[in-house]
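Lettered A, B, C and D in written order, each chain numbered from 1.
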Amino acid sequence: MARMAVDVAGIRLKNPVMNASGTFNIREADGLIDIKRLGAYIPKSITLHERTGNPVPRICETSSGMLNSIGLENKGVAAFIDQELPFLARAGVPVIVSIAGETIDEFAETVAKLGEAKHAQKTVKAVEINVSCPNIDRGGVQFGSQPEMAALVTAEIKLVSSFPIIVKLTPNTGVFVEAAVAVEEAGADAISLINTIFGMSIDIMTRKPKIGRGYGGLSGPAVKPIAVKMVYDVSRAVNIPVIGIGGIMNAGDAIEFLLAGATAVQVGTANFVDPGIMMKIISGISDHLEKTGCEDVREIIGKVEL
Amino acid sequence: MLNKTAEIISNLVVASGVYKMTLSSRELAHDSQPGQFLHIRVNPGNDPLLRRPISVHAVEDEDKISLLYGTIGRGTRLLSKKKSGEEIDVLGPLGHGFDLSEKPDRAVLVAGGMGAAPLFFVAQRLKGLVKESKLLIGAKTKEGLLSVSDFKEIGCDVWQTTEDGSAGRRGYITDLFEQALLDQTIGGSIRVYACGPKEMMARTATIAGIYNVPCEVSLEEKMACGLGACLSCVVDTIDGLKRVCKEGPVFRSDEIKW
Amino acid sequence: MARMAVDVAGIRLKNPVMNASGTFNIREADGLIDIKRLGAYIPKSITLHERTGNPVPRICETSSGMLNSIGLENKGVAAFIDQELPFLARAGVPVIVSIAGETIDEFAETVAKLGEAKHAQKTVKAVEINVSCPNIDRGGVQFGSQPEMAALVTAEIKLVSSFPIIVKLTPNTGVFVEAAVAVEEAGADAISLINTIFGMSIDIMTRKPKIGRGYGGLSGPAVKPIAVKMVYDVSRAVNIPVIGIGGIMNAGDAIEFLLAGATAVQVGTANFVDPGIMMKIISGISDHLEKTGCEDVREIIGKVEL
Amino acid sequence: MLNKTAEIISNLVVASGVYKMTLSSRELAHDSQPGQFLHIRVNPGNDPLLRRPISVHAVEDEDKISLLYGTIGRGTRLLSKKKSGEEIDVLGPLGHGFDLSEKPDRAVLVAGGMGAAPLFFVAQRLKGLVKESKLLIGAKTKEGLLSVSDFKEIGCDVWQTTEDGSAGRRGYITDLFEQALLDQTIGGSIRVYACGPKEMMARTATIAGIYNVPCEVSLEEKMACGLGACLSCVVDTIDGLKRVCKEGPVFRSDEIKW
């Protein structure tokens, strides 16, 4: 058996596979996967205050993809600390908490609150900063697409928290490499990408957008080539680990991201198609390493041959 | 395990654009409750990508269930092309179904269009346990009145409306629903089980509220995961947002903010 | 029969459907489509000098899409004038010539040369400026993703040419709306978008990119929601017509772009799947107008209901 | 018209991972030339998106042609699942085939792996018109030697090599090719028709060059349109870049810059 462990943002993960925020809920995963086998678990992004999210329909299908505009529905950090953390503390999987916000202060305050919580220091291994949500009016993408803003958020959070920080970047910008470099300089411990890409679908009979909010974020296999390219570019520009996300449907797709330069991967939309897929991806990577004579998954990271 | 493959026993057209698919699965036949649904992968590739939610229509025997579905778009059209002998990948049974723990004296099933699909399973389960099952079924035209003979066969009293008057009374089934409650001469408790388009469910809820009869409605919403993870399928209730795939698809009608 | 004519960049097109540059060659279309029924025909982008393009493989398939890195293989403007223009002059279809280049001077010189050519003034109805090719080392995307550069190219070309100018923008930037506004101010007569999106695919067994050049541009139905959103955003920000491009596979897709705000559409990748598709799209739009009680295609432009 | 639907008469496995599909089409049977290919849409959806190029393997009679293909990836696997009676959407015949206008006394067919597919059609057409047709066929293992009995049946003299020695001589077919040209005792003109992996074609070209015999090779390249429009499929020749789908897939071997 090849070694599967990787180090991301100072955390040792038993394998490079985790879910993408907002696409998998271990509370609902009973009997579908063995949670303890996951590299890490990332709950849906939380914010300082409760958010009710966007109007339905919140999703629609596209060719090999989907749009979503959930709008960061969540109960806020206090409820998360009360209701989720105790459960996660017992789940037996490293937890990375995803944080979103509309202002720099809000981001910082949310992370600070989390840091003060009872179980947090033990349970929460890192924080993922979602500066890339396309589905909220302020914050989100606006932060992630401006390198200076992304760096500022990162720096402020570093000031108030001892958690390793993973910054989740947006593909909705031409300056994602600059953003990656800026957040690295601001102290980020790792970078994850991509979040979803702005998209719109219109029902030609009703003339209404198929998403209640008008538009949403595109995910799924349709975006994979875009994500692989961005992961390739970013991993060559920074010295911190990169987590690859975008359209991973099977072990082969995950390996593509690793070859492109990702140290770990997150699986999103695929969980909706096959909720057991992350287990298959973990075994599939292991089988591939075996078959190609690799003893350690780290042997393939960034090994695309140009 | 929620994730299974089931063999297709048959997949036959039963009305224009409506198919009945029978699946072999002892587990599904055993576990399914009326109002629950299966989340079906219609093909192995990436396009169409998402699963399609379809209610359990009936438990045919100890190892067979059936689905009744309309060919709306690409997914259901692909489903209608499947042949007996093929296997399909389903997740389920999912969601919270109708509450059949308290049996009324008289069950009133209110069906609009494809809404007949899950209600037949309700009628199956209530058969012999209630004094009367009345099916109120409405559709645009005669062809849209689904499974009527099946409901009759298991002893339901069937009242029909069509919008064009091609069968039953001309009008909406909710008009008949009000009349059914008004007319009530026999005594005993009543419960209402409803499934149909959202506006019809809202109207049904209002009428049930006026007459103060317990009423459950099955709702539809666009779904990605079907498992409560993605928060695609929310509906606003008096207790805040709930997930149609998890806390629903069946809700108490007075719980929903219509 | 509903009226199908639209005006783009001062040209009256008999219907809003044309091919996207680089994806259809009327010389090879014999018996596949009736060229005279096209709204307009756009040959593959030409440059000042001959280009041999990129190494093979130049394409690879992705989920509901494809990557290409043809690299603007073409024989140069002089050969185009000699060998293609006389043929196009007799083709019976309005011709829009697509121009690419690596420097502003090159763009301007190419358009100027074209303007001096014998048949050009009669045959060439407009010029499309491809400041968005992802497959060349200089020029291309670099121009299109910087609003000032895109504006500068546009202004320089306006100086040397009397052709109406359509500027084809890139999706590989967060500032495409700013770019659209800038080129409008610089005198562009219309805007077309999207060109392809940077993407990469890796063969996990050979570890080599599936495209000879390493990466390419993503097109096809996978990108449609991204393109519709961009067309929606741009058409609301400018007063010149917008031509929608990206993943159009059928009449419904074309109508989606019109509803989003496009005055006309271009069909690219779909031609590879069904070389007769543009004819079906033209009839399909006409049928849809009929069915929905519209007398003129212009009634639906921009009519998405938010 | 290049764009047609053709009915599948049969689609049968003929070797491990290799299928022969017979299509009903008078037009294709009439128009196809050896070396030409069909561009096949393997399914109606968007994934897989592009067509797949497959050579015409044989004209079976005046309204039937056949294809011989290996299941390499998703597209050809989908193709292999098609059943007789189904229709498929094909573009073709496309491209420039082998030049059979000048008949040699002795035809030498050099096939590597799936390269046998188009060469059988060449042998069919040359049958009776040349004094001798020799098939030199090489593969990794015995199982990879395709259609050998078919070639024999139409009178070809078959020489075989396998890399593992499981049938014929151990080694590469190009070794045998050189020997075949060296050994030539009978006189008369020779022409070489070759199809196989690129390195093998290069080697074949070199040998043909040394012995100064006219040689044509069929090349493969990733294709989008198949019609000469997209410039995906270029190969470098002494006259500059040419399109495999249009000026090829068959080229004079001395034309290619190997």
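One rule holds in what follows: a contact is a pair of C-beta atoms (placed from the backbone, for glycine too) under 8 Å apart; a residue touches a chain by one contact, two chains touch by 3 or more.
Small disclaimer: the values here were computed from a predicted structure and weren't measured.
Chains that touch both chain C and chain D are the following: A, B. One simple way to say how far apart two chains are is to compare their mean CA positions; for chain B and chain C this gives 48 Å.
For the pair chain A and chain B, the distance between C-alpha centroids works out to 36 Å.
Those residues of chain B in touch with two or more other chains are numbered 46-48. Counting partner chains per residue, chain C shows two or more touched chains at residues 63-65, 220-222, 249. Under the stated contact rule, the graph of chain-to-chain touches is complete, every pair of chains being in contact. Against chain A, the residues of chain C that register as touching in their complex are 62-65, 67, 145, 172-175, 197-202, 204-209, 214-215, 218, 220-226, 228-230, 232, 247, 249, 252, 255-256, 259-260, 288, 292, 300, 303-306. Residues of chain B that touch chain D in their complex: 43, 45-48. The part of chain B that touches chain A in the complex is made up of residues 1-3, 41, 46-51, 91, 221-235, 240-241, 246.
Taken in their complex, chain B has these residues touching chain C: 46-47.
Chain C makes touch with chain B in their complex at residues 63-64, 221.
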